[in-house]
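Each structure below is given as structure tokens.
Below are two complexes that have subunit A in common, paired first with subunit B and then with subunit C.
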Partner chain A sequence: MKAKKDGSDVRIRTKGNFNQTLAPMLFLLPNMIIFLLFIIIPLFQGLRMAFMDWGIFVEPQFIGLENFKDLFHDEVFLITVKNTIVYSFLTVVLLTVVSLCLALMLSRNSMKGERVFRAVFYIPSLLSMIAVGIAWRFILGDELGIINYVIRSITGGPGVQWLTNGTLAMMCVIIVSVWASSGYYMIMFISGLQAIPGELYEAARIDGSSAWSTFWRITLPLLKSTVLVVLVLATIASFKAYELIVTMTKGGPGYATKFIVQQVYQVAFQEDRMGYASAMSMILMLIIGIFTLVQFKVAGKDGQYD
Partner chain B sequence: MKRTLAVLFCVLAAFMPLFAGGSSESAADEDVTLTVLWFNDANESEVFEECIQDFLAENPNVKVDVQVVAFGDYQQRLKMMISGGNPPDLARLTTSDVTVLASSLAPVDPYLADPAATKAEFMPSMLAFVLNKDGEMIGYPTEATANGMLVNLTAWENAGIDVRELSKTWTWPEWEEAVKKVIAANEGMEYGLAVDYTMHRFATLLYQFGGSFMNEDQTAFDMVKPENIATIEYFKHLHDEGLVPESVWLGSENPAELFQAGLVACHIGGSWNINTYNTNVKDFEWCAVNSPKGEIVSSVPGGKFIAAFKDSDHLEEAMALMASFSDKQHNEQYCLGTFNISSRTDAEIDYPTNSEDFAVFQQDLMATPAFTAIEWSSPEVTQNSTFMLEQVVQALMGNITAEQACQNIQDRIGG
Partner chain C sequence: MTNVNSRKVTNNIFLVILIVLAVLSLFPVLWVALSSFKPQSELFRVPMTFLPERWTLENYASAVSQGNFVRYFLNTVFVACTSTVLSVLVNIMAGYALAKYIFPGRNIIFGIMIATLMVPLQVIMIPIFIQLRNLGLLNNLWGIIIPPAATPTGIFLARQYMVNLSNSMIESARIDGAKELRIFVQLILPLSQPIIATITIFSFMWRWNDYLWPLIVITDNDLMTMQQALANFVGQLQINWSNLLAMTTISIIPVMVVFFAFQRFFMTGITAGSVKG
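Let's turn to the complex of A and B:
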């Protein structure tokens, strides 16, 4: 469409231009069908289920907002929401800082063995979170864990309750999550850092800018769009954390590391309350949406640098 | 023209996978392939395939596709297949699966010459799991399991205690007194007892203390009673005394691994641990002993089943395969091969090792009240077992009292 000077619209005809009109649509069609079948339809199906009393083998009944009303009086759900927000906030902040620090160290091509280090830090992000969880359970376990074995051997006293103390368990889960994912985000930061023109650093050096000042005035502002992508991706991933937590702590001790996704799984597949679990999923989606929107709003004000 | 053909080709290529599944069914209308969904505790799928060879030889048109799924994913996969209208022909099921899936399972009775005679071939506590509301079988019990106590025999001998003799009559206070001596006598032994982190295993203690989940005639959920409160309080007492490691119920450590590492004197677990320990424990001797008595002696019955689904296209063949697999000869072969207790009353299995241990579990099982099987057939109990477990843990952590834990469970499940 093209606007005329007098304000009326004129339709531009592209008749016969197959390469510009129909062909791209045809190539996109398979992906669009998959997206529709596996994302859009299940999303609306989930939304519909959230308003139903629905077990997997019983006839669904429309109950309006009952599931949502119950959620706000469900003590366990509220605990899992709180836990998820605490975990996500701390994980995303740490993950961003750690992966940015790693990227800053390993993006200059000035250190010997830089590529080896990059690979070493990246490898954990290739592992299955289930394998990571099991491996760390063997490292941090109270009785059979390697760390406590060393502590007991040296001190002769009892080990540390890494996974049976609520606060320590949450801390361990956060640290392991950061360990497992920082390599992935480090690669994103490295590509962002390498896109910053070298002339800017040269000019800063000539002007006598300190390393600290260069980071705050050149590197970080020009990395803003990468930081935003990392923040959004890390936030979504942390809100959906499941495998690592279940294999490491099973959500315990008590409810200390139980997050929304684990509760959704339990309610849906163990308690057979699919409608209630769908309502939980909708709340989770809403929370992720709000967090993502806030991040876009905050960064979007002056985020168009590159 | 070329352009039109190109467009047509693209559209066909895009949609081709959607049509791919539909054409194979009619090609071989005489040959039947039965899909069997299976999970393994150890080597069960392998032994199952050996046991059905006679059936396959007698029915050359039938083929069996055994799909083995990890236990962690099994229930979700099975439920998704059923709710998607595409169930397997047959599946291996746990007690809770049978309860939850009952409405999807095909009744066996119409395919039996003498249903009453077939039912009489199985232990009543096992049969109870697979009877529907009309009293029809909706599957066959394969192996029976029971909860019981396994002890580190070497450690008990080091303490100078004949645990086999003592366990014939011991009570929980007597066990507690004795196990403290065992811990003291063995360097490196930290704890007296590890209990699997499941409500099913906790129920062993609950029943021994005279408790139950439901009322006397099993018509309603009834959790708030002195026996149940006393059980949770006693379990907390064992934790507070340091006799039970916190890392199992508050952490996520595997009690079987703690037992195998020689850190605990006793383990309350399932009968399948006999197989595991027989393979893994090399550093000390171990054996099964009768569980200590509370108000009563009790185990918790459990087991595995094989069942066919109503929506199966090959119900006759599925029923015939189940009947063959569950007859005396093949059930004995299966239980011997998988090192399990048979659910048939007439099974005579000469295990190469550990016959005494199996006998101990069977003794506990025989002393177990019949209502326990009915409770574990109830969806209220099986579907809410994780919630109940969490409430017990809250009580162990001191966040709520034992009575509050029972009340919370009652409020959620009993309404």
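Let's turn to the complex of A and C:
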């Protein structure tokens, strides 16, 4: 809250009093209209649809928990849930570790070219996930990809089925996701690291503590709120992943890399079962909510997000 | 002395690791870009070469002359630019209201807006589709311009920056009799240039790279965007890689140009989001 003393007399004396109440409302109005029309109302609409039988050519009809009951026997949906959670968990963990390591190496101010490296690692974050998927599909292709070309010329044997073996395909999608976004989170970590007072490191050095214990005793505890932000943002981002697999694997082979969002899109817009797909969306939102809350509870005792 | 020495050793080890990682980071982009200049006969030829043996623009020529490519490009330019202007305007105004006015419910409004980070388009795409249909915005470029203009991140960045602008400056302008709108336009906007630049750049990049909004809103071939075109091209049974790589490279260039021209604003944008959360 702002100090009230100078604000309040000005308010009494100026005849702008009315304007000052109205102005913020008007400034907020366009934003609130957009939020209301395109987030809040759709959110409630989606909730409602999850309990209905709804398609473009079907008369909408309230069916209670029917959709949710069906979901628990829907094998494809359950596979996409499992895939999404596995993908998100591994991606977030790897992403956090990799971007933190990059940040630690690039925020020591003791090496020439730190800025150049930062820019280089950031470049993949500029690409659309559609382009990322295309690039890696080109590189990982079974017959014609450069990686298999190199493997074949060294070993003389056959190439690796990067994108046609289910487990490998999932692994590739995860690694490519880490490749694509670690630069972004690296920048966040760098700014967090720079906010840690240098005297603390100086004191640790005088006490003769090793780099390892300095990291665990000083760096990590003071970086807690940045870690939390990175975890939350990366988790949300990974649960909504969709574009990458559109161009990289198309969800395949089979259902190996199919995520909830892709299934929702297909059921809603290609099979025209919008109520049922809305129920899936609500489950997705629930999962995102649970993961976010858990992170706040575990890591966020004193980290704030406001 | 030992300290300096060990620091040198660490530096050299890190340098080696960083160079390896930098190569990994850049290789895919370079490989796509360089391959797009190879003639079709050279693209998958064994032995493969990193640089094209014969540089050619024929892939670009055939990509550009293909169907609606120029149309897709112009659509994307229009959407990205318009949406960015709108986004800056809307988010800066909201950020200002939330940063510099005291009114009931202001923290709740801000909290709700930030909480919508957890309700991404992916979660509400079905009701969004219905909403846009009701508003007559399906198959309409404004349907992918207006709805994504107000973003929690944009408001957050704007508010975060504006909280630090001086209160007494605003108050003395009021004492001088300036109206609220005039204060905003003549005092606040010029002072907010850095954050305006940041939001502009990010907004442009998000809209340029966006795939899901167009996918839901646009089905008319004449209104599609670059990303949609790329995805559809990949969807074909037989991918024409030479053309696809040229199209992909073209789609990457605008964002790269923006990045290299405004690098420092990129960094502040991400930084502002993480320092306090």
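Methods note: the second predicted complex is superposed on the first by the 277 of 306 C-alpha atoms of A that agree within 3 Å, B and C clash if a C-alpha of one lies under 4 Å from a C-alpha of the other, contacts with A are read in each partner's own complex, and residues count from 1 in each chain.
Everything below uses one rule, namely that a residue touches a chain if its C-beta (ideal position, glycine included) is under 8 Å from a C-beta of that chain, and two chains touch if they have at least 3 such contacts.
Please read these numbers as outputs of a predicted model, since none were measured by experiment.
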item	value
Superposed partners subunit B and subunit C on subunit A - clash or fit	clash
Which of subunit B and subunit C A:L144 touches, first, second, both or neither	both
Residues of subunit A touched, compared between subunit B and subunit C (which is higher)	C
First, second, both or neither for A:P30, with subunit B first and subunit C second	both
Which superposed partner A:T164 touches (first subunit B, second subunit C, both, neither)	first
Touched partner set for A:G252, first subunit B, second subunit C, both or neither	first
First, second, both or neither for A:V76, with subunit B first and subunit C second	first
Contacts of A:I236 with subunit B and subunit C, given as first, second, both or neither	second
Touching partner for A:Y184 - first (subunit B), second (subunit C), both, neither	second
Overlapping segment of subunit C (options 4-12, 76-84, 166-174 or 220-228) - the one that collides with subunit B in the superposed model	220-228
Doubly contacted subunit A residues - partners subunit C and subunit B	27, 30, 137, 144, 247, 250, 269
Partner subunit C, residues of subunit A touching it in the complex	1-3, 6-7, 10, 13-14, 16, 19-21, 23-25, 27-28, 30-32, 34-35, 37-43, 45-46, 49, 102, 105-106, 110-111, 117-124, 126-139, 144, 146, 149, 153, 179, 183-184, 187-192, 195, 225-226, 228-230, 233, 236, 239-240, 242-243, 246-247, 250, 261, 264-265, 268-269, 274, 277-278, 281, 284-285, 288-289, 292, 303-306
Complex contact set, residues of subunit C against subunit A	7, 11, 14-15, 17-18, 21-22, 24-26, 28-29, 31-32, 35, 44, 46-48, 89-91, 93-94, 96-98, 101-103, 106, 109-114, 116-131, 135, 146-147, 149-150, 155, 167-168, 171, 174-175, 177, 179-181, 184, 205, 208-212, 215-216, 227, 230-231, 234-235, 241, 244-245, 248, 251-252, 255-256, 259, 263, 266-267, 270-271, 273-277
In the complex with subunit A, residue positions of subunit B that touch it	3, 7, 10-11, 14, 75-76, 79, 82-83, 100-101, 103-104, 190, 197, 245-247, 250-253, 257-258, 261, 263, 379, 383-387, 390, 393-394, 397, 399
Subunit B-facing residues of subunit A, complex	18, 22, 26-27, 29-30, 33, 56-57, 76, 137, 141-144, 161, 163-164, 169, 247-250, 252-255, 266, 269-272
